[in-house]
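Let me begin by handing over the structure; questions about it come next.
Order as written gives the chain letters A, B and C; numbering starts at 1 within each chain.
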Amino acid sequence: MSTLTTEGGPVQPGRPSALSRQSPRYGERATYMLFRVAAWLTVFVTAGIIIAFAIPSAEFFAQVPVLDFLLGDRWAPRFADASFGVLPLVSATGWTTVIALSVAVPFGLGAAIFLSEYAHPRARKVLKPVLEVLAGIPTVVYGYFALTFVQTTVFREWLQLDTDAFSVLAAGIVMGVMIIPTIASISEDAMSAVPQAMRQGSAALGANRMQTTLRVVFPAALSGIIAAVVLGISRAVGETMIVAIAAGQQARIVANPLELGQTMTGFIANAALGDSRVGSLEYDTLYAVGLLLFLLTLIINWISIAFVRRFREVY
Amino acid sequence: MSVITTTNVDVYYGKFRAVTGVTLDFNENEITALIGPSGCGKSTLLRSLNRMNDLVDGAYVTGSITFNGEDIYGPDVDAIEVRRRIGMVFQKPNPFPKSIYDNIAYGPRVIGMKPSNMDDLVEEALTRAALWDEVKDKLKQSAFGLSGGQQQRLCIARTIAVKPDVILMDEPCSALDPIATMRIEDLMVELKKDYTIIIVTHNMQQAARVADRTAFFTALPDETTGNRTGVLVEYDTTTKIFEDPSDQRTEDYISGRFG
Amino acid sequence: MADEKKEKKSQKKQKKIRALIVTKSVRGRAQGGDNSATSIVFLGVLWLSLFLAFAFLVTLIVTTLIDGATRLDGTLITEFPASRPERAGARPAILGSMMVIGFTALFTLPLGIAAGVHLEEFSDRNKWYNRIVELNVQNLAAVPSIVYGLLTLGALTALGVENKNIVAGGAMALSLLILPVIIIVTREALRSVPEEIRQGSLALGATPLQTLFRSTLPSAVPGIATGSILALSRALGEAAPLLILGALVFVSFDPNGLLSGYTTLPIQIFNWTGRPQEEFHTLAASASIVLLGLLLAMNAIAIVIRNRYQKRW
């Protein structure tokens, strides 16, 4: 299709031709231009992100050495003896992400295998959209659930756990529940894309369904499955509302998942509530943490794209 | 009188030369069949006759292809105007997901024809494609409800509606059953009174039944690269090609010894 | 020639896959059929994970319903927020959500569809800069929503906007957030329109743009509509970027335009969840039910469109 735009040059003077263009169609060129501009606008968005983050971050790092930021273990940007070590935020993000994945990966993959390899096609046709609708539940609602039900009712009342009003565990588990549909849906796509001939080939050799699933379908779909998991990681790292509501607002190195903690996103959300003046160090701090978050998700996404490429190549 | 003339035409896809050195005259109000084994470049050549090949990345043509004496790849020629004058029917029936009526009216609308009465134009096109009696009571229904053969005749009617001079047909019956095929063949013979028809076919009996002239192509290794490329072996009246071919390769193919 | 290479490559892969099937499954043969103990346990585990995944989500919905049922009344929809929970409502939040989403749709749909059309139909994928645009869209789709909040905050600051808590700011952040999704959805919908439809149109003498507007795009509309509604429903549930823009304020008026102050349902829910009093938590649950209801309605519309207009090619 790509050559379509280039086929019409401007009308050239000379011999009138039966096959020459009837009208110059200037409108067409303008329309193509609009389409092109719209597509290129996305590049401006990225450029905008880079500029919007680079300037305050540069100001921030002019005052706080990069290594102090990355390796410091005390995060107290608003205290008199301010300290800008980001490790406490990273530790909370790490905990919630790991907890979320240890919930989402087994359950998500289990559900995906069931839907792809065992469920009746009609059951799959109903269950998959339901799963996708559930993926659309707003994260504030998950946050509310984490705080009021998981943390307060289950952890504190039923299980009598030694925990405060907030915990990274509650936030992480609920975040995992939130990610289950994402992982299940994408892995299911990957496994359904494995050609039926491979399953038949395996069955013809006497393998049962479980062996076929685990030894043929799963390895064949592996790169797609990994891409799903990586996308899950990226969602967990970037998720804001659940942690802002249920993980707590104190930035400290988290040693135990029953403790509260503040993640990178939690800090940004919380700090934005305060009135930080533009140009103040506090304002710049938002962007420094935001930049770290942006770069992290970018790297994670690149890994995911690389896996998807491999996955597409197979068939 | 010849309508389309190709002179020493090569068709390339990037560096790959799919067709080499084809010189042919297509005569007015005749059916010309292009036959030959798979990969001999006959479809490629057909698609370069109305610049449908422009849509393929990296495709280009050298040599000259003229339509009524005018080079269709000339600098001030509009590919869109070429396609309006030289219509095309494809291998698989490809009606638009619209009503039967709108399928026919699509072409006249997009090229800005202002018929005094669109209904008449639709009826005329459908009548000429021998489809009117079958669909006149369901013009507003989806074209997808038609059988494969009816869909293909609808596509022919759609092409006729924009009043082209030439109709190219790329294996138009390969997806149809024998009865539908027969109806399309009858239709072609009927249509050649008003149109010049060029058809690519794998079916030699079909060429023998409908074509006035037949061109036989084959694929040969390129002398420089060794890649196989399509060349014209023999072009003559259909009778001559099928009864007394002058090239041994044509005879082998016709008699089923090769291909 | 590139195709030949690909074919060889895929043949090689096919061979590998076949080898994999042979070695792995022959080894497994001794362990019995679908009724062996391990197979049954495996199936049980799968069942359980699907069951638990749904059970989690059902619990979430049921607890929210139970918590919020008592305050799911007219006051919630008609009243303004108040310091006394029994009199408080989410009226400006509901209106704010609708207005912000409306403007988001207005900003992002034309842009996203146009960009998707360019990338899928008219851009030459062999050019390096077009591949960069494509890769960029993929990357933007994975950027956390809070980053778009910070971007919009920075942009509004650069533009000299003093009060950032305005409908236009919220709609801008959410538009940027879902723009990549709309582009991707448009491309997928266009890709599912068979090439023959385009060729049929072009062969009749239609220009590429006529082909787009009269054939390809109309055929892709159901797919674009479904995907766009789902993207907008994601935007409707978003709170983080709006939080950054200061939408967490006490709003006791209806939003009335692009420059008006506003709050949205998710922000109102967040606000009430953060209060210590139990009554506000109830309100948060009630507002969540309203939000879930809106989302469910949007999803239902999307599914109806998908099922109704799904084309069999």
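Definition applied: a residue touches a chain if its C-beta (ideal position, glycine included) is under 8 Å from a C-beta of that chain, and two chains touch if they have at least 3 such contacts.
As the structure is a computational prediction, the values presented were derived from the model and not from experiment.
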Closest chain to global C-alpha mean, per-chain Cα centroids: C
Centroid comparison with subunit A (C-alpha atoms), farthest chain: B
Separation of subunit A from subunit B, taking each centre as the mean of its C-alpha atoms, in whole Å: 51
Cα-centroid distance, subunit A relative to subunit C, in whole angstrom: 12
Inter-centroid spacing, subunit C versus subunit B (mean Cα positions, whole Å): 45
Contacts with two or more other chains, residues of subunit A listed in rising order: 1-4
In subunit B, residues with contacts to at least two other chains: 55, 57, 80-81, 85
Where subunit C touches two or more other chains, by residue: 124, 126, 198, 207
Subunit C-facing residues of subunit B, complex: 14-16, 50, 52, 55, 57, 80-81, 83-85, 87-88, 90, 92, 94-97, 106-107, 109-111, 144, 155, 158-159, 162
Residues on subunit C engaged by subunit B in the complex (per definition of touch): 1, 124, 126, 194, 196-207, 210, 214-215, 219, 311-312
Subunit B contact footprint on subunit A (complex, rising order): 1-4, 7-9, 11-12, 14-15, 17-22
Contacting residues of subunit C [partner subunit A, same complex]: 9-10, 13, 17-18, 20-22, 24-26, 28-29, 31-34, 36, 38-39, 42-43, 45-50, 52-54, 56-57, 59-60, 63-64, 67, 110-112, 114-115, 117-119, 121-126, 132-133, 135-140, 142-147, 149-151, 153-155, 157-158, 176, 179-180, 183, 198, 207-209, 230, 233-234, 236-240, 243-246, 248, 266, 269-270, 273-274, 281, 284-285, 288, 291-292, 295-296, 299, 303
Footprint of subunit A on subunit B - complex, ascending: 54-57, 67-68, 70, 72, 74-82, 85, 112
